[in-house]
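Presented sequentially are two complexes of subunit A, the first with subunit B as partner and the second with subunit C.
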Partner chain A sequence: MSITIADKDTENDLKIVGKNVKRSDALKKVTGTLDYVIDQKMPGMLHGKLLRSEYARAEIIKIDTTEAKAIKGVYDVLTGENLSQPVPRFGSIKEDQPLLADKEVKYHGEPIAIVLAVDEETAKKALKYVKVKYKQLPSVSTIEEALKPNAPIVHSNDQDNEKTNSNICGHWDYNWGDVDLQKENSSFTINNEFEFPMIHHFPIEPYSCISYPVDDELVIKTPIQHPFILRRVVAQALNMELSKVRAISNTIGGGFGGKGYPKIEPLAAYLAMETVRPVKITLSLDEGFFSARRSSAQVNICTGFNSEGFINYQDITIKYLIGAYADSAPRVAGKSSYLACGPYRTPNARINCEAVYSNTVPSTAFRGFGMPQLIWALESQMNEASKIVGLDPVDIRLKNLPEKGDVLIPGDNPVDGDWKQGLRKAAELIGWGKDNEKNKGKGIAIGIKNPIPASVSKSIVRLHADGSVTVSSGTSEMGQGAKTVMGQIAAEELGVPMNRVSVNLGDTSVAPFDTATAGSRSTVSMGRAIKSACDDIKNQIKEIIHELYTLKTSEEMIISDGYVKVHEKVISYAEILTEYMGPNLGEIVGRGVFKGTKINNHPMGGLADFWEIVFTASEVKVEKETGKLNINKLLNVSDVGCVINPLQAEAQEEGAAIMGLGHTLMEQLVYDNNSSKLMNGSALDYRVPTSMDIPDNFESDFIENHDGPGPFGAKGLGESGIIAVAPAVAGAVSEAVGIKMKDLPISAEKVWGLINNKK
Partner chain B sequence: MENESFELEFILNGESKNIRVKHYWTLAEVLRSQEGLTGTKLCCEEGECGACTVIVDGKSVTSCIVLAPEVQGSNIVTIEGLSQDGEIDPVQEAFIEEGAVQCGYCIPGMVMSAKNLLDENDSPDEEEIKEALGGNICRCAGYYRIICAVQSAAQKYKEKVKVL
Partner chain C sequence: MSEFLYHVPNNLDDLFSTIKKHGSSAALLAGGTDLLIHLKVGKIAPQHVIDIKHVKELYEKITFCSNGMTIGALTTLINITKHPDVQKLYPALSESARKVGSKQIRNRGTLVGNICNASPAADTAPALLIYNAEVTIVGMNSRRTIPFESFIKGPGKTDLKEGEIVESLFFPFPPANSTSNFVKLARREGADLTIVGTATLAASNYETRIALCAVAPIPFRACSAEYVLNQGGYNQQNIDKALEKVVHNANPISDLRATKEYRLAMVEVITRKSLENSLKILTN
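And then the complex of A and B:
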């Protein structure tokens, strides 16, 4: 018997993929009927409110909770001392963060006590009656201070799980070729230092989670991107079995990395176990500023070019200022620095990266995972190089971009797309080469990143007796549209209409394992897992047909569009299942797996599944009198292999670009250097882009060569759009008024100052 | 003092209400905790993000900074009140069609601001739309699709009027 599974690799065959299928959650979202965790309550639920440290670093001498406990409606008030000893600590990379401060606070805003009360109002009120006596200790909040020989050490205490005698949390080196030799052989050497500030994710949905015990299981409902990581971290911190912890992440009101790794969940889980009641902890938006941020970075970059403008070497030193606890910051540092030479052919490289602890909010993953910081430096360097070498900014990039199939980083997957095509497209769309009006300039930059190497996604797809389908996957829906896209992939593969596919996401007790919803990986990795689960279903159908119809070897069967054609008959899935198992009695369960290539001893643990690349261009007008920028146009061209849902893909690109414009023009967390206190942690003081700040024109375009590893040749998207915005804008500003930006944001004051200094 | 409560009478999505509330409660709290209308979202709680936008007596307000006594006798419309007889409002329809929705958390507030704009101005230009939505932060989308949705909703309203 031979089987034909209709080949859907040509665009014309696709019925659901590549179409503007409406988001499956949109109706609930526009009518306000979608329940986020913050909207939910349970009978007997206790509300937790956190008391946070007033100081960046201090010894806790005494916490007096008597008065607070006496308030009507207060169930309990707990400090680190009241928890099981030693105080449980959690973390995805290092188990270093105590559930509540353990004798010492390490950053301004660190949780030191929690009030549990019958409602939030009472909990908030009681907080005011908790009295804390601190002994202030010296702190550090900048890279310079943290690395001074006599600097206060963030993790110097015995109770710290990860005691260190310096503030260096981790160190990474990547080398190839011979940089020292090339230093003598280069015609042009350019040396610069660039800085990138701390940025807050600012999701509109505040952090909120509910944890409760059911029988011998502990449930945690929370908007978290990586439910399986949460499950592991809680199980480790509370010494439980994985099977006893259930993480449910149904819908997330914006994540951007800030809701990737556990924050308040381990404490809520602990309290639910202790009180045997549902415990809800909700943070205010302002408290979000004390929970997650992007690490700031200082990048020293020295580049050598030969006389024709080819890169000879890159010598790059990176220092990331991370917070008081590791969270995922070491991974951000180690992984992004690996790609510090960006998309260019770099025959010789020396990359040196350090993650430096400080008494500030723990930094974590943030859209782009370190690449916006590094690409800011690299592409600003390329802009300057174009002037020094005497080549147009587009030409110098074209010259140094590799061809498809070339090595990018020795030992990793080769270049997987036509990058020059992307750059040319961006240049064409912005009108590169046309004369600029006075005080107007154009800038172009390339962003790149790799997904999570050696990751795993699994999925279960069930074909029910009536022909409807359920997809279960550990991916979470954070607005990126996974719920819709995963449904589209299954619908396309099985040939059933979208409205017959249900998608269950983010529940560790329902879905099989998935590494993470991050790194723009889900469409590729989970998409592949779903596709393979659908193939599994088709193979089982094949076996069933074989059993039912005893086919001769020469006879053909075709499975396509929800039907099987056999013996000149066209039979629906429902008919096959009914005939085989009886009416409404069964289902076919398909299992699917995607596993990235794991390589022992590889610095990343495995190969990049694809290279996520973006070409960003902008046109900017500078108001010389005030320094104010008017962004006339911003555009992104991304190589995504195949667009599964054009409307959502464009929306992702757009959102990423505007978020990038935020850190380019206005966003920055400000710490007071003396006290290490966060000065602008509120919506009032920390400005993000509004509808009034967007460029006059925005455009996004995709390169679709169907050459990605994902279903239908897809590559990932979602992060790329943010990566190269800052250097593209800075390049345009430099063209317009001849100034050189070394740090962000590009505020009007800074621009005005640089214009006037130049005179 | 703190426990002082009073009778609040108001019209909520067309229905008369008479409930006991505390004088220091915000309208957002009344809607979410007392009335169970969680479609009105809370984010910054200081009037800066627009997630909690509702329409009070024909004007859009950020309900997190409006105190309960201020809405005595008012007519309040929330996101739950926009759909009628199971049919969603053209603004909501347009938001879905134009791909203006991502995580969705800002959307109820955004829809209410858009609705309020179109009630006052049936053909807003781009600048007017940007201004009307200037107090509504969306961290996911880039606003373009939201602006398109408002333009398309304006069109839909006009067509609806023609049909009537």
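And then the complex of A and C:
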């Protein structure tokens, strides 16, 4: 028997992939009817509101909850002392974060008590009656202070710390070649220190979760990107079996990494088990500032070039300021620094990275996972190099970009795309080389990132008796459009129209395991798992056909577009299932898996499935009198291999670029150096770009060479667009008015100060 | 948000007796764009909220008479920005109203509410100052009209006494052959608090009016600068001299949005820009 499974890998054959399929949640989003957790209620549900620390570091002397408890409608008021002892701690990397502050608070805004009441208003009211007596302790909120010899230590009792009695949470070294030797051989070197500020994710949907017990099981419904990590973290913190914890990722109104790892969920879960009632904890928009942020960074970069402008070596020292608890920050530091030399051929490298604790909001994953911080430094360095060596900024980059198949980092997967093609396209689209008007300049930069190495995605696809399809996947829908894209992949593979495919996402009791919805990996990893589940279905159909029709070896069977052609007959899936199992009975369950390449002792744990690369260009006009920047043009070209849904791909890139404009132009969490208190933790004081701030000319384009590891040759995207915005804009500003930026954001006042030589 | 009783008086008599009854434990609600935020964050906790939107003597219309324009206590910012005659006759008012908050805020928020809030950074205040706007204040048995210039007393403080409300604002027609505009500097294009805001008026007879917000405890007229231009006309030397005086009149603070140093420098830049805009139109 010879079997043909139609080959879908050429663009022309595709019927659903590559098309602008409308988002499955579009109508609900625009009509405001999408079911977010914050709007959900359950019978008998208790509402929790958190009391947060007024100080950055203090000993809790006494918490008096008597008055608050006496208020009508208050069910209970709990502090760290009232929880099981020792206070349960949680964390995806280190289990270091107590459900409620344990005797000592470590950052301004840390939860120290929770009021449970019949409604949110009562809980809020009761908060005012909880009396806390603190003894203030010295604190640190900058890298410089945290690393001083006699600095206050954030985790003084932590045996896990890299060095005891220090604020260094962890350090990472990556070396290849011989940097010291090349220091003598380079014709010129550039040495700079760059800084990147703390940034808040600022999701428009505030944090809100509901947890409730069902018999001896526990359910947590929450906007979480990684339901399987949540399940593990809660099971560990509360000493439960994985099978007894069900994490449901409700639709997410903005994640960006800030809703990746557990925040309020372990506490809600604990309280649901204790009270045997549904418990909902909702934070205000402003409380988001006390929940998650991007690590700020200080990057010292020394680059050696030869006389022609080729990079000889990179010597990079990175210090990430992380918060008071680890969250996922150590992984951000360790993983991003691995790629600190960026997309360039770097024969010799010495990278040294430290993650430094401070008494500030815990930092965590944030779109780009550390790469925007490092690319800011690296690409600013390249801009300066181009001036010194007398090469055009595009040319010096072309010179140093590797070819497809070249080694990027020794021991990892080689370059998987035509990167020069991407750079040339971005240059062409921005009109590179044309003369600039007065006070106008153009800038270009390259961003790069790797997904989660050695990750696992599993999927179950069910072909029902009527020929309709259900896809179950552990991926979450956080606005990136996974629900639509995963449906498209299954529909294309099985030859079924989109409206006959249902997609269930992010429920650990329904979907099989998935590592995470992060790292721009889902289309590739989960996409592959779904494709392999569809292949499994097709193979089972093949066996059924074989059984039903007792095919002779010479006969041919074709599975294509939802039909099977056999004995010159065209049979639908529904007909096959009916004939095999009886009318309206049964289903075919396809199982699919993707597993990244795991390598023991590899610093990343495995190989990069693909390199997520972006070429960003901007044209900026500087208003010299005020220092204000007008971004006339901003564009991203990403090498994505194959676009599954053009509309969504563009939206992802544009959303990322706008976020990039945020940290480039206006965003920054400000801490008071003395008190370590957060000064601008509110929507009024912390400004993000609005629709009014989007450049007039704002574009996204893609390189599609069908050379990625994902279905149809796809690579990932979603983070790329944010990575290189800052250096592309700074490069343009430098061209326009000749100033050199070394820190962000590039505020009008800063530009004005540099133009007028004021600091 | 603390609990309160919600009152909806439908005429001024009812309104004033409700205000009198509840005195300082009451807050007035018109557009509510500031009040609701203050209630929600617990900045204020009134026991009574008195909605003035249904008081029949108060109005949202914009009316013109032989010597000027009247804007009612209930006139929304959006209606001011949309009104073609306001755009033509009082461009600084129209432009500054467009700079207040977001469109959603302007749909609800009122001009009178904006000035009663008495923020040092109130975007509409410089326009009211350069047009010599008058504020009509009514109480249970009183009615008085004062210049807007003496209405704002300090950050968050106005000349209103307990039991009084602003009934309307009157804008005399600007001088013949004059033009005016408003320029705002902020951190972003979308809704934002102002770093420096300037309204200027220039006339062919050199009558000049300059007012600023966000660079002193209250919005103010730069009278000494105006005098320089009134007397000497619009040559470069005079403009420079006038701008020096404007900077001298400003007394900004350093905050998260900008330093004092930058604000002072921008007082000059933004005022120059506004004056130049006016002069460009005037000379055409």
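Just a few scattered comments:
We take it that the second predicted complex is superposed on the first by the 749 of 759 C-alpha atoms of A that agree within 3 Å, B and C clash if a C-alpha of one lies under 4 Å from a C-alpha of the other, contacts with A are read in each partner's own complex, and residues count from 1 in each chain.
Going forward, a contact is a pair of C-beta atoms (placed from the backbone, for glycine too) under 8 Å apart; a residue touches a chain by one contact, two chains touch by 3 or more.
Please read all numbers here as calculations on a predicted model, not as lab measurements.
Legend: residue contacts after superposition of the two complexes on their common chain; A:Pro206 is shown touching subunit B, with no touch to subunit C. By the document's definition of touching, of the two partners only subunit C reaches A:Glu625; subunit B does not.
By the touch criterion stated above, A:Ile252 is placed in contact with subunit B alone, subunit C being left untouched. Contact with subunit B, but none with subunit C, is seen for A:Val30 once the two complexes are overlaid on the shared chain. By the touch criterion stated above, A:Glu749 is placed in contact with subunit C alone, subunit B being left untouched. The partner that reaches more residues of subunit A, of the two candidates subunit B and subunit C, is B. Legend: residue contacts after superposition of the two complexes on their common chain; A:Met666 is shown touching subunit C, with no touch to subunit B.
Of the two partner chains placed by superposition, A:Val356 touches none, neither subunit B nor subunit C. Once the two complexes are overlaid on the shared chain, A:Asn680 sits against subunit C while remaining clear of subunit B.
Touch criterion met: A:Glu654 reaches subunit B, while subunit C stays clear of it. In the superposition on the C-alpha atoms of chain A, the part of subunit A touched by subunit B in one complex and by subunit C in the other spans residues 684, 689-692. Here subunit B touches subunit A in the complex through residues 32, 37-46, 48-49, 51, 78-80, 82-83, 88, 92, 95-97, 99-108, 111, 129-131, 133-147, going by the rule given at the top.
Interface residues of subunit A facing subunit B in the complex, by the touch rule stated above, are 20, 22-23, 25-36, 38-39, 201-206, 251-256, 284-286, 478-481, 647-648, 650-652, 654-655, 657-659, 682-684, 688-692, 694, 698. Within the complex formed with subunit A, the subunit C residues making contact are 1-2, 42, 102, 185, 187-193, 256, 258-259, 261-262, 265-266, 269-270, 273.
Interface residues of subunit A facing subunit C in the complex, by the touch rule stated above, are 121, 124-125, 128, 625-626, 628, 665-666, 670, 679-680, 684-685, 687, 689-693, 747-749, 752-753, 756, 758.
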